[in-house]
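Two complexes, one shared chain (chain A), two partners (chain B, chain C).
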Partner chain A sequence: RYVRQLQRLQFLFSPTAADARGARQFVEEAAQDFARQHPDVVLYVSPCSGTAPLVRAEYLNGTVREELIASKTSEEIVQLITKLANQSGLDIIRIRKPFHTDNPSVQGQWHPLTNKPSILTVQGPRLQPQ
Partner chain B sequence: SGPPREKKRWLRAYLEMQRLQAPPKRRSEQPNWDYHAEIQAFSHRLQENFSLDLLKTAFINCCYIESEEARRRELGVDKDAVALSLQDNTRLAEQGLRFARAYLTQCFESAYPNLPAKGVEALVNYLTGQELVSFVAKNLSLQDLALCRDFPAPPQVLQRTFLAVIGALLESSGSERTGIFVRDFLIPQLIGKDLFEIWEVVNPMGLLVEELTKRNISAPEPRITRQLGVSTVLPVYFVGLYCDKKILAEGPGETLLAAEEEAARVALRKLYGYTENRRPWDYSKPKQGLAAQKAISSN
Partner chain C sequence: MVVLSAARWLRSRLTDRFWRVQEVLKYARHFRGRKNRCYKLAVRSVRRAFVRSTKARREKKRFLRALWITRIEAASLEHGLKYPAFISYLVKSQVELNRKVLADLAIYEPKTFKSLAALAHRRRQEGFLAALGDGKEPEGIFSRIVRHHY
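Showing the complex of A and B:
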């Protein structure tokens, strides 16, 4: 079954700074709707003055991702956290190949002896055409 | 008087070093933690309706209760004044373990009817064993929610907590939903695993002869089918097992003995229906409530 990999989101922003205006608007208007739509993510809002406003996302495999939300509007923050909620906690690196299979071969993997006849097959004399 | 004194230049680097060298703390001791909200989110994440008291009991381990009592004694708090009325999760863990084992045994017996009892037992032991269950528990963030004395929680504690969660689900939602839960979280761990990685078989040839006598087929006759590089350092022998001149299985190996053993293992896999190209597990919703499920819940 599907288990959302995002565990919790922590919003750290200052109550008076100018660049945290979008964050404050988001917390007033859209945070409750987001929490209702995603009941399996825990939202923490904590004010801390003096630092840049950021949102910290913790995933089930332990990765912690921090994104700055300075000078972002409320809608942009909503888009950002929906993106975070749909991600898994794996590192964002180049994917080597976009496919994977657990059963790479159905009839058996080829090896140099696959289509060679075994030693035990007996080659009889050729039958004369009737 | 005058402007306030600046902090020294080395202070920032020193504080950063202290922060990096501090021992890791539990998530519950770090800022921003709400136990009740986390437990609610946990039950929503698994898409299951838990009764929250049972779930909270499931997370309490006995070592936590002992450490809490010791702490209270040290602080000098009177025992009667603040009674520690917390229940253990041992009962729920036992229930969960019994249910999981019974359910998994039933699943494997219906999916692989030819697999003998020892094989089924080996598979069930692997799926309810410490490493696998603690791995599943870690990836479901049980290590944050479980209350335990040591940090990080040892795998035994995680296994007990996970089984207690299964027990709590059994009591809250009934055996059908718990069966689906166990199927969804434990059976995918078998993907990509071979039968004989999980089940240690010492003498595959003897086992194969037993299986064939049960089915009234004559004893297998090993013959070399293919060979490559006989006089080199890395020879490859393909030994085929023939019953009544008909091929049963073929297996490769470095020496003739190793190849014969591998051929016996391949034959056993074919007989038990656990080959690599078998049908994948069926995860669809069960249509009817089986009577056997009720039999399990009364165990």
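Showing the complex of A and C:
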């Protein structure tokens, strides 16, 4: 079953700044629709005057991602947060390998003594290593 | 009143020079010497680094293939086969494994690799019998060719 990796979205913007107009429009119009479409994401809206408007996304693995929403229209903000909701919290760097296993070896990883005759290593009551 | 151009005494100032410089310097932070601090030197070094990384993507494929071949050669020599014989007799037995997978098997699944080496060895023996024996012995099992209809 699919578990959404986005935990919560915090909207921080001031109620009077000019560049927070898109954020205010978004909160008035599209925030409820977004919340209904994504029931497993919690939205927090808090006023903070004096700072640039931003949206903070927290993921299940602890990463916090902050994006500026200054001078963005409501539709752009909706696109941005749908993108954040579909992401996982892994950092966005170059992936070295497209595969990963925790148990790469089933038969036992090769070591210099795998293909040598066991007379070399066995220590028992009768067999002595040479 | 519509003004099409600004007045002559108005000047425009570059205010985000710091961030434009940081965009380049962030890729030069792990370099040696003054080119990780000074913008003028860093621009040249960063550009060359990017060009080299683009060209190296083609070399990486060749390098990794050579690495795999070295590893398969070492593993097959442990089982008494040389690399050209191993690869050619595997192909003749219709085992279409590429060198990457063979190298990973040799490292992480040594018993499987041993059985592949035994298969190639047996196919080699059957090839010799078919070429030198001429007729009376039955045809080898691993020399049979299975045709798949897709």
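In this text, the second predicted complex is superposed on the first by the 99 of 130 C-alpha atoms of A that agree within 3 Å, B and C clash if a C-alpha of one lies under 4 Å from a C-alpha of the other, contacts with A are read in each partner's own complex, and residues count from 1 in each chain.
Keep in mind that, in the parts below, a residue touches a chain if its C-beta (ideal position, glycine included) is under 8 Å from a C-beta of that chain, and two chains touch if they have at least 3 such contacts.
Fair warning: this is a prediction, and the values are worked out from it, not measured in the lab.
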Partner chain in contact with A:A18 - chain B first, chain C second, else both or neither: neither
Broader residue contact with chain A after superposition on the shared chain, chain B or chain C: B
Partner chain(s) touched by A:Q7 [first = chain B, second = chain C, both, neither]: first
Which of chain B and chain C A:P39 touches, first, second, both or neither: first
Touching partner for A:W110 - first (chain B), second (chain C), both, neither: second
Partner chain in contact with A:D102 - chain B first, chain C second, else both or neither: first
Touching both chain B and chain C, residues of chain A: 105-108
Complex contacts: residues of chain A adjacent to chain C: 104-110, 114-115
Contact set on chain C toward chain A in their complex: 75, 78-79, 106-112, 114
Chain A-touching residues of chain B, taken from the complex the two chains share: 31-32, 34, 37-38, 40-42, 44-47, 139-141, 184, 191-192, 223-228, 236, 238, 240, 252, 276-277, 280
Chain A to chain B touching residues, read off their complex: 1-4, 7-8, 10, 39-42, 44, 46, 60-61, 102-103, 105-108, 111-113, 116, 118-120
